[in-house]
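Across the two complexes that follow, chain A remains constant while its partner is chain B and subsequently chain C.
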Partner chain A sequence: MMSSGSFSLRTRPVAGLALGWLLLLLIVGLLAPWLPLSPTTPDLLLVAAPPATGSGHYLGTDALGRDVLAGLVAGAQRLVLLTLPAVALATLLGTLAGAAAGFWGNQRLRLPIAAGGWVLVAAWWGLRLPGTAFLCILLGIATALTLLTWRVARHPAARRRYTCALPLDSLVLGIITLLGSVPRLLLLVALAAGPPLTTGQLLALLTLLAWPETARLVRGQMHWVRAQPFIEAAQASGLPMSRIWWRHALPHACRPLLAFGPLSLAGLVGLESSLAFLGIGQGPDVVSWGSQLASVRHDTTAWWAAVFPGLALLLTLLALQKLAVLASPATNK
Partner chain B sequence: MWGWLFGRLARAAGVAWLITSLVFIVSRQLPGGPDQLVVADLSELGRPVAADQSVASQQAARLAVRRRLGLELPVFYVTHRANQWYWHGPANQYHRWAVAVLHGDLGRSYRDGQPVGALLWQALRFTLPLAASAAGLAAGLALGLGLYLARRPGSPGARLLVGLLNGLQITPLFLVALGLLLLFANPDLLNLLPAAVQTPTEDGGQLLAYWLGRAALPLVSLVLAVLPELTLPLAAALRHEATTGYATTARAKGLPLGQVLRRHALPNALLPLLTTLTDLLPALVAGTVVVEVLFAFPGSGRLLAEAAAAHDYPLVVAGVLLTALARLLGLLLADILYFLIDPRLRPS
Partner chain C sequence: MNYFWLGSLLTLLVSACSAPPAKQASSPITIRWSRDPSTLDPLALPNPSAIDAANLLHMALLATDFQANKYAPALAQTLPQVRVLADSLTALDYELRQAATWDDGRPVLATDVDFTLKLLHCPGLPNEGNRAQYGFIREVRLDPVNPRRFTLVCRGRGEEIMIASGDFPILPESALDPAHTLRYLPLAKLQAWPAARPPAPAVAALVQRYRQANLAREPSHLPGCGPYRLTAWDTNHQLRFRRKAHWWADKVQSAPPVLQARPQELVFAVLPDDDATALALRRHEIDVYPQVPARIFQQLQASPKARAEFAFYSQPSYDILTAGFNTRRPILRDKRVRQALSCLFDPAGLSTATQLGQGRRTVGLLPPGSPFYNDSLSLPSLAPDRAMTLLRQAGWQRRADGHWWQPGATHPLALSVRYRTEETTFATTALQFQAAAARIGITVTLLPAESSALTTALQAGDFDVYVRLLKGSPLGFNFATFLHSSTIGNGNLTGFSTPLTDHLLLAIPAEGDARRKRLLLRRLQVVLRDEMPLLPLFYLPTRLVVNRQLQHVVPSGLKPGYALTALSWSDAATPLANSQ
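So, the complex of A and B:
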């Protein structure tokens, strides 16, 4: 998609600006630890100082004396190190879940009955339930079942009798419905209501909230891919289903992700900054664009403390939207 | 039809219960969860800590607070400690909470001991009119703007409007609301709609005018938040309908384009919009959280955000349960509306 970059950038300067801004954010976010800026150390002599006063605070300080520029850099770092990985994880998880659900549906993935025994054994051992003797008996039964049905289950006629269908589609859809039953922001606020979250916990939470959208999109696309003739041809040539899924169906089902990825990232950036703005689940020493914007409510005369992070946030979101438009198939024809 | 309806209702109730249970259990299992935070907060608030107070008496005070809030019980039916499973039977927090909710008792707030149901109801009296008028206003505006966009797709005005709506769609609501606050309720700039005025004491017209002034900016923010999702699909659907055969026929008969769109295309274009309307509710609920905090509006969104910030768990969990129920019932209502409007979709 970006191969025709130099030509299209000259004809579309806005797209070039958007890509440039995102690249700048990425570089600044990655280099942030080595920049001589401290977002949390207040300069108590210069509280709410306006920008460009020759005091070393090029964008001024906020009502608590914290440097606005340093806060911007910290926000970029948070975006690169927290939101971007969250979107990557959510895309991975959502793609796998959605593609599996769309490809196998409720009936087509049939597991041998013996697999149920193994799952039971693994769960018993993993949860450390009491009764070692019972575990041994279960292990024996599972092994016997596997040995008995191993040869038979490979035979197409016997497959129905010795296997059971895994309702993958219902399972994934159920989880999507469950997570979608409450607005994302409200769920995030409710789950983050405890002590300040660590970065890892926040990453996990954001991933949990972001993957259903991707899964729904990929599942829909997979329904379309599965009806294509080349899947039937691959089946007729005797390839195993898992290989058809991975090598032939999945790449096609992933195509809309190119345009959806930036939008998903934009949604999460908005969500994360909303949470930071509300000041829930975050320590007071964490600086991001959302928390910077929240500080203006204490002192509305220090407009620069809100305008610069607000502008950065807005530019980022608009650039991501532009990127999504660029990556969508319609504009590249 | 009735069996289908009953099944859907049961499933909606089940999903709402599951998500609420999830929030209940996850929140209480987090390391250093509300358990310790609330106790620390309350025992510091409850009585002044004297310098000579012994560690033992502090611990006793905390234990008393824990017992009063029912936090000394285990969270769930089973706990796993030191490679051993313990079964607690019904003497656990989750069971007590579930039984109380089924009896219609949502619990008491940790902060002031008031019943959660009363607190929520008090706040909803402010939020429901706000959200309902935002939804109505946004729907009306979306109709007008959608018709305008469909009538003149390429004109500069339409292009500007689409650009604005696209930008608005991706901007988080708090940024829009903050911009409005800094522009229109700022003593240094334009103090058109002051966000902080004394509440008039007497009833009647003055009070009404006061609340209208208070609600104006939150209302505008909410409308701006949901407008793009309503307008852009409607305009696209209208433009699609305008290319169909029946629209061409109507045009060929000499009807002006505006009338074709309004009379003939609009009813068909509205049908797919029903799904968008069900998404309106969650957007508004999430929107009220941000907007009410920002404009200090005493509604349910602000109540929930403050409860979350103060680790007031019974309130947060009740809010999640209520929202999930409302959302799932909204979805069901949309399906029923589909069946009423389009008989082809009815379950057989």
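So, the complex of A and C:
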């Protein structure tokens, strides 16, 4: 990304600052466990203490007596340990789903009819119906039938008779539409309501909500890639479809992700902060920029408890925006 | 067009800067409640909001006179005459007021008191707390000549007996038991009714009628003798009470303070968040803000505009911030573990952080100024080293990983703390405990919850440690409701009880001799300190902010912190000129 084009920090100081800020966040986030700062320990003698008063709390304390600087570091750590992995997972999931849907459409991917047995077994398992032994037998039969019909279906004459088309495009598009029909924040609030979530559960939730955007983008790009002459040439040369998809189509379909990744990250940072601000799905001992912003409600005069995390959030979002601009093909021409 | 915008802007500015409108005498008084009452069933009042509401709808024999800070006769004509029947039995002679009537015009009679007491002990009704609280009343003797006279025969002696004997809302017999079926069932028989035995047919029918009345949501289904009726209930938002046009106490000449009901309409706004409440107060959306946190109180007092618009009151209260330990949990059964954990709270620091140092630290469940306060005990304080010593004595060992393990255990010592989410006092306390525990290798998980969810979790025993307020009173020492074995799972959330504490808890209110009562109370404080089912951290001051246009404000250290029905709007058109 940075090697392409004529990008230089000297010619673009704002971009340099943005990258520097993101790098700083990354380093602070990774080093946070070793820094001598505790974001949840209250200083009972210095509640809502203003910054730079020689109390040892350089950015002051909030209404509960927690150090604001320690909270900023904890927020950076959360960004590195939660939001970044969530974006990575969502990008991976969205890319695979969108690329597969865009490439194979509704008719091109054919599966042995017996594979339906797998669906039934999965449904049985999902519903947690009784009978583990029975489940194992069913699983065995479904596997055997699938393998058998797979072999039979390799013969062109039997292909139509023993296989059925998997409407992959409709399936992916349906899930994307379903998840997109409810505003992301509302959906997240609904899913996260109840007892505080673990970091893993929150990661899964953020991933679940973030992948459709990537999938939609990659699917659209894949439609364009699929119509390119080199794909037709590869098909004409007799290459297997899976290989064409993986080796030739997918790299081209993924190119917009370089610019979309930072934007996706910015969206998730905002979403996670909104959730933390609302105090949903997270315990009070989990400190992030959003929860720090919320703490100002306990003492509206403690402006520093909101300004510093607010600034950190704003700078991060602007830096990611800048990074997206830098990574876009138009900028690198 | 420009003039239009300029005019609009000026109008907005003028309206924003103008003084709040003067209130009429009939204007509603809006009061902040931190939570919805959840239920208005007079037998099950789970929170202070429900108790406040019940006091408007119903009346008890006695009520709190906030001016004198003592109990005064309400439905009763006078305080009861006390007669000692035997060594452990006291007779309290009551007479009801002649003027007292129900909403339907029927007089309030001794039979209604008899019926109510029986209702408090009927199996199948939500009266578990009442059973423990009023179990000392053994018999109701009706006067054969005067239908308004009766005698309560009580177990024990002392002022608490007298106070507690008149501290429950009286309910109409004719509405719930028109056939008077309960009259033939002695009170003692209901009190001794085994839990496993099915109720008597008359009781079963009454319970069914009571449940069908759905008093929890529809209090209007039951005639009351209180001054107000509920006119609207928007759950978790607002409750409206309208004064009855013809309330029986209006006929009482020179009505005492407990029979005064000045506001024509009372509106209770449910606002769980304190900062939102402060904002609502500044915008004159509420007129009375009780139980104001220290920080908001200080901020409001520092504002000249707020000082001009509101009056501020602060005085010691009887609310204690406590940490309770669930003694039903295996790891908390050993009192040394509870003692160790209590050493991880920092009452002095917490008082400084949350009450600006105005919290009164205490050794037990009695306020420091009380003559029964056991000053031979030391004040609890943060002592992590002592906590570690006690844990070792209890058989816990600190391993190389820094955590505490018991031989053969699969998990290290770890705890969860439940508390109410809306107040910073609880959150700060929980965070301080968590930090202190983390320093000696104990993992603490914080589980804040909304009020009703917290109550449900605590009653279900789903906690290790809780942080909450206990509402106390200087007028009596009835701790049985939250410490006696008969109230485990209901008022007694810690699940703690021993034969000794049960004996003390029943003996204290029954004791008439002040010297012996003092000995019993001091003994109870020693036992509770040793057993440590709960740790009283400090007494909170009560702070009240009211609209200056309100008069007859009677602040009090007793809940709810002021005399609600004494309030009225000032007739003065320019009340803000009188600001201090």
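Keep in mind that, in the parts below, the second predicted complex is superposed on the first by the 286 of 333 C-alpha atoms of A that agree within 3 Å, B and C clash if a C-alpha of one lies under 4 Å from a C-alpha of the other, contacts with A are read in each partner's own complex, and residues count from 1 in each chain.
What we mean here is this: a residue touches a chain if its C-beta (ideal position, glycine included) is under 8 Å from a C-beta of that chain, and two chains touch if they have at least 3 such contacts.
Remember, predicted model here, so these are calculated numbers, not experimental data.
Q: Would you sort A:40 into first (chain B), second (chain C), both or neither based on which partner it touches?
A: After superposition on chain A, A:40 lies in contact with chain C alone.
Q: Just to be sure I read the superposition right, which of the two partners does A:320 touch: chain B = first, chain C = second, or both, or neither?
A: first
Q: Per the overlay, which chain contacts more chain A residues, chain B or chain C?
A: Ranking chain B and chain C by residues of chain A touched puts B first.
Q: Considering only the touch criterion stated at the top, classify A:277 as touching first (chain B), second (chain C), both, or neither.
A: The first partner, chain B, only.
Q: Classify the contacts of A:195 with the two partner chains as first (chain B alone), second (chain C alone), both, or neither.
A: both
Q: Looking at the overlay, what does A:266 touch: chain B (first), chain C (second), both, or neither?
A: first
Q: Looking at A:301, would you say it contacts chain B, chain C, both, or neither? Reply first, second, both or neither.
A: In the superposition, A:301 contacts both chain B and chain C.
Q: Of the two partner chains, chain B (first) and chain C (second), which one does A:182 touch, if any: first, second, both, or neither?
A: first
Q: Intersection of chain A residues contacting chain B with those contacting chain C?
A: Common interface on chain A, chain B vs chain C: 195, 279, 297, 300-301.
Q: Along chain A, where are the residues that touch chain B in the complex?
A: 127-130, 177-179, 181-187, 189-195, 201, 263, 266, 270-271, 273-274, 277-281, 290, 293, 296-297, 300-301, 303, 306, 310, 313-314, 317-318, 320-321
Q: So in the complex, the part of chain B that touches chain A is made up of which residues?
A: By the definition above, chain B touches chain A via 15-16, 18-19, 22-23, 26-27, 30-34, 37, 80, 83-85, 166-167, 170-175, 178-179, 182, 186-188, 282-283, 285-286, 289-290, 293-294, 304-305, 307-309, 311, 313, 316-317, 319-320, 323-324, 327-328.
Q: Per the contact definition, I'd like the list of chain C residues that touch chain A in the complex.
A: Chain C residues touching chain A: 273-275, 295, 299, 346, 349-350, 352-354, 421, 424, 427-428, 430-432, 434-435, 445-448.
Q: If you look only at chain A, which of its residues touch chain C in the complex?
A: 38, 40-42, 44-45, 47-48, 63-66, 195-196, 279, 283-285, 297-301
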